[in-house]
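Note that the chains take the letters A, B, C and D in the order they are written out, and that residue 1 is the start of every chain.
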Amino acid sequence: MAMTGILRPGHVQLRVMDMEEAVTHYCDNMGLIETDRDDHGRVYLKCWDEQDKFSVVLEPSDRAGMDHMAFKVRTEQDLWRFESNVKNFGIDTKRVAAGELNGCGERIRFTAPSGHTFELYAEKEQVGNGLPTLNPAPWPEDIKGMKAIRFDHCLLYGVDHDENIRLFTEALEFELTEQIVDGDVQVAAFLSCSTKAHDIAFIRSEEPGKLHHASFLLGSWEQVLRAADIISMKDIPLDVGPTRHGLTRGMTIYYFDPSGNRNEVFAEDSYRYPDSPVLTWEASNVGQAIFYHSRQLVDSFMGVTS
Amino acid sequence: MAMTGILRPGHVQLRVMDMEEAVTHYCDNMGLIETDRDDHGRVYLKCWDEQDKFSVVLEPSDRAGMDHMAFKVRTEQDLWRFESNVKNFGIDTKRVAAGELNGCGERIRFTAPSGHTFELYAEKEQVGNGLPTLNPAPWPEDIKGMKAIRFDHCLLYGVDHDENIRLFTEALEFELTEQIVDGDVQVAAFLSCSTKAHDIAFIRSEEPGKLHHASFLLGSWEQVLRAADIISMKDIPLDVGPTRHGLTRGMTIYYFDPSGNRNEVFAEDSYRYPDSPVLTWEASNVGQAIFYHSRQLVDSFMGVTS
Amino acid sequence: MAMTGILRPGHVQLRVMDMEEAVTHYCDNMGLIETDRDDHGRVYLKCWDEQDKFSVVLEPSDRAGMDHMAFKVRTEQDLWRFESNVKNFGIDTKRVAAGELNGCGERIRFTAPSGHTFELYAEKEQVGNGLPTLNPAPWPEDIKGMKAIRFDHCLLYGVDHDENIRLFTEALEFELTEQIVDGDVQVAAFLSCSTKAHDIAFIRSEEPGKLHHASFLLGSWEQVLRAADIISMKDIPLDVGPTRHGLTRGMTIYYFDPSGNRNEVFAEDSYRYPDSPVLTWEASNVGQAIFYHSRQLVDSFMGVTS
Amino acid sequence: MAMTGILRPGHVQLRVMDMEEAVTHYCDNMGLIETDRDDHGRVYLKCWDEQDKFSVVLEPSDRAGMDHMAFKVRTEQDLWRFESNVKNFGIDTKRVAAGELNGCGERIRFTAPSGHTFELYAEKEQVGNGLPTLNPAPWPEDIKGMKAIRFDHCLLYGVDHDENIRLFTEALEFELTEQIVDGDVQVAAFLSCSTKAHDIAFIRSEEPGKLHHASFLLGSWEQVLRAADIISMKDIPLDVGPTRHGLTRGMTIYYFDPSGNRNEVFAEDSYRYPDSPVLTWEASNVGQAIFYHSRQLVDSFMGVTS
């Protein structure tokens, strides 16, 4: 089979401090769809063009941040294989029972060297993308706000960077697509398990387990403009954009949810294959690597995580 | 590893009746780049955002059509595995020596039940995409015409449709993404070895081994308009478009090269994963399936192959 | 003052055979907004980015077609001046009392040589564009369907073409921007009272007083695609498009309202000034003039009027 | 006639300190076309979709800035009428002989209260837009860089703001379209002689005769992105963007020519008519008025003029 192992980012569980504000933000402003709530007060959301029941879980908390990010693997055998890989790498894993998240099968949970919690699962209830599988229209009506298409990736700040990248590339079979280097030191690593420019990315940091942003796909640069307009119209705190990244070529805009978790919506980044060369950006050129047009790093963008 | 086996359509070898007219068409009008010529009079072309030395081979001939379509596999072991799979399926294979096509490694060649010749290879010389791997710009200057990004897929008309699809899905590990059905009969099958809506597609036909079109990716719907303008400005015979497909959602335009081989350029079709549902279009709705806006089949589009 | 006399197409009164179907079409599918109804059963509509109370009047009738098209003039003096001009041209005029159309001032009504009824008025109630005049957002929320921005122009088929164009250019001060000619015969004339490529256009015909289409502006080529999708999703009868015109360069799509009146939505046509050269298209090239990509005239497009 | 008096911004004469660097910037990077040079060392440029011989004059100098901005009026009578209007306003005028600028007719020159020099002229040699007037294509091939369509407007910083706006609206028949106000004080005025959101704009300042930027039209938001990419690829000093203005709704990016004159390229701002309401932005909301997304004024944008 052509795609094996880890298929995609499956969901991100975000801590939010005011659930109804958060639901308004993610649903009314960004266009996600609420699909369920549970006894822990968690709210389950999906983007319209995802088949699975949820890709974002909002968890009530007294602080912002990422509880965990989960990847969907292709088969149950993949799940046990990765569990074994992670253990062999020297990291403890824990099994979380099917149903602990509504509609999700058994999960393998572990803490990566970066300080972040990750999970893997092979099964999640499919609810469809709002279009029939027989003679579907190209898009459903009544999607709100920015009309986010799918949860796409996270960028994370964490410790023990090199060991962490080794975990992802050796035990979890991700591939390095792009990187920022400062001499011999890899400052940032963009990793893919597909033909996307990134399914996850890590920045070398001195603080463990931080979320820089959770990112969602839009349909075009015109839709990035529309998202930018909505950000101002709805008084959403903008961070940076609209602009293009040097890294991945994506057209992007960054802003914050009401709890201070950074979101990105973006369009049209580049594609790659396993035999594509790794692209490298020098730390001396990091401004252009990150914001291709302004070439200026922004304090809020570099310094604020959740 | 996440992507295994067949990675992508690697190249298509097209027969053309006037080489210089063909080179003008593919290079000046569509934006491909000539990378080599050989003793057989073949001309090697690549799209700008491909790493490999070529993705289109133009072969001098007295008739139009597709000599063969080739897929790049990830490893040499994959090559031998697929050779064995194809043989076990009951189809003879032949090894073509490395270097028979300039810069291409050893190829496995076979004729599919549809009547088309396919090849697999694991190695091809990489020449890069015209951008450095250190601090690359998002696009190179001086790309001509339609600025085709990559060779994307072929749509083929052939015989013995069901057996052919079985070869591709069982022996070659493609996955069915979308189909047109007429009652119990599958009229068209769209197959993917990646997250693309199709890497190859087949139409049930009574004539073996026909090319409907070779397709190339553009960057946006605005670039499809620009391609449409160029088609008229350059007196390129238009077939259909610009429009959207129901199948795959792609925005598209079709036209013919000077020998009568149909080309497509398109943008932004949908993505899928191995666990995405198969989408089905009914023959009674085939007009909308193919041309979502007009819902009208066009005689030239349905009837002309090369 | 820089703009004098006739400012713009002010409204078109269309005959429709089923009012509720028509309102659904123009409001739900195209995004116009209902602003009033009157004792004659007429329904008043406006596009979102128009200041005036209405730009389309739907009139209940047993046949389709255009009752009249009206132009807004800058001042009351302009109104009397044009009344005099039209009379001096040898055409009877009639004054229609203020309020005969809700919110519209006194109108001058006359039948042009082409057989169409036109009106001029200097006053119409302004209701705004749904945005405040203090710190306005770039667009209002909750606009439906195609999000038509404004009523832009009509294209009309009529008799006595040359005399008709003389009326519009001499008495009404329109300027010829583009034309189709067949030898010495002007087949089509595009006329502007602004910097637009056309505010009205006429086709030489043997039948008087026919409407070819009423046209509405969209924001971009991406919005033309979206309109095309909606046309298919809502089972609206498509005529032609999406494509580009040679004449005016506009990106366009044509379809019919439920009564058979043809509509156009389009984006981004060219601009002109009074000192721009007239552009001429030869009848031998009329296909490309009208549909720049296909170069093919379509029977329904050429033959059907209302 | 529908458009009278001042038709459009006809040209801007900019002082540059290194002519060949300036020509590279305006021609190779922005896509203007050199049409002439004169004995004073001045270089004449036009954008591709302008009919007149030039819209930018580069003048060799030891400092940056705007020598003058000129408007084309419709007729010679308009020229004498405006000359009289300006004199009656109490401002001296001077006639500059036809041919002093190559291909330009007699000009009326005066210094406005703001401290800027303006000129009016009724005649300029037309060289066409590179397309035939018979069966023209929608765009010419071989336009370079950003492919600027036309010189569109200037924004100027000057003194004696209220008197200056009175000159433009009373003597020159411009109309106020949008403004920024701080209590009773008008901080910025956007003025139109057409259906454009602005043909010129003024900012109240304490220094006379300063250029904030000369602005050029692009075809779409996608072309603004492409301009942004070129800015970074060509090491052009970026000021701000890509983003949208609140004022005029335009999608925009700002940067500097090699002498430090600020340029803007933008797309798709709003349209207006003489009876459109004036839009007002409050000084307390000036950030959003200027940069709709970030709402942040940028020091370089506010403080740097030439």
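FYI, a residue touches a chain if its C-beta (ideal position, glycine included) is under 8 Å from a C-beta of that chain, and two chains touch if they have at least 3 such contacts.
On a predicted model such as this, the values are computed, not experimentally measured, just so you know.
K.L.:
Quick check on subunit A against subunit B: do more than half of the interface residue numbers occur in both copies, making it same, or fewer, making it different?
P.N.:
Since more than half of the residue numbers are used by both chains, the interface counts as same.
K.L.:
How many degrees of rotation carry the C-alpha atoms of subunit C onto those of subunit D, rounded to the nearest 5?
P.N.:
180
K.L.:
Could you tell me the distance, in whole angstrom, between the mean C-alpha positions of subunit A and subunit B?
P.N.:
Centres of subunit A and subunit B (C-alpha means) sit 31 Å apart.
K.L.:
Subunit B to subunit D: how many Å between their CA centres?
P.N.:
It comes to 48 Å between the two C-alpha centres.
K.L.:
Would you kindly tell me how far, in whole Å, the mean C-alpha position of subunit C lies from that of subunit B?
P.N.:
Comparing mean C-alpha positions, subunit C is 44 Å from subunit B.
K.L.:
Give the residues of subunit D touching no fewer than two other chains, as numbers and ranges.
P.N.:
138, 220-222, 229, 232, 244, 288, 292 - these are the residues of subunit D that touch more than one other chain.
K.L.:
In the complex of these two chains, what residues of subunit C are touching subunit D?
P.N.:
Residue list for subunit C touching subunit D: 1-8, 49, 51, 72, 74, 126, 128, 133-136, 138, 150, 173-175, 192-196, 219-221, 244, 246, 249, 268, 270, 273-282, 285, 288-289, 292.
K.L.:
For subunit C, which residues are in contact with subunit B within the complex?
P.N.:
Residues of subunit C touching subunit B: 221-222, 225, 228-229, 231-232, 238, 241-244, 251, 253, 288, 292-295.
K.L.:
Considering only the defined contacts, which subunit A positions touch subunit C in the complex?
P.N.:
Contacts found on subunit A: 137-139, 141, 220, 222, 229, 232-233.
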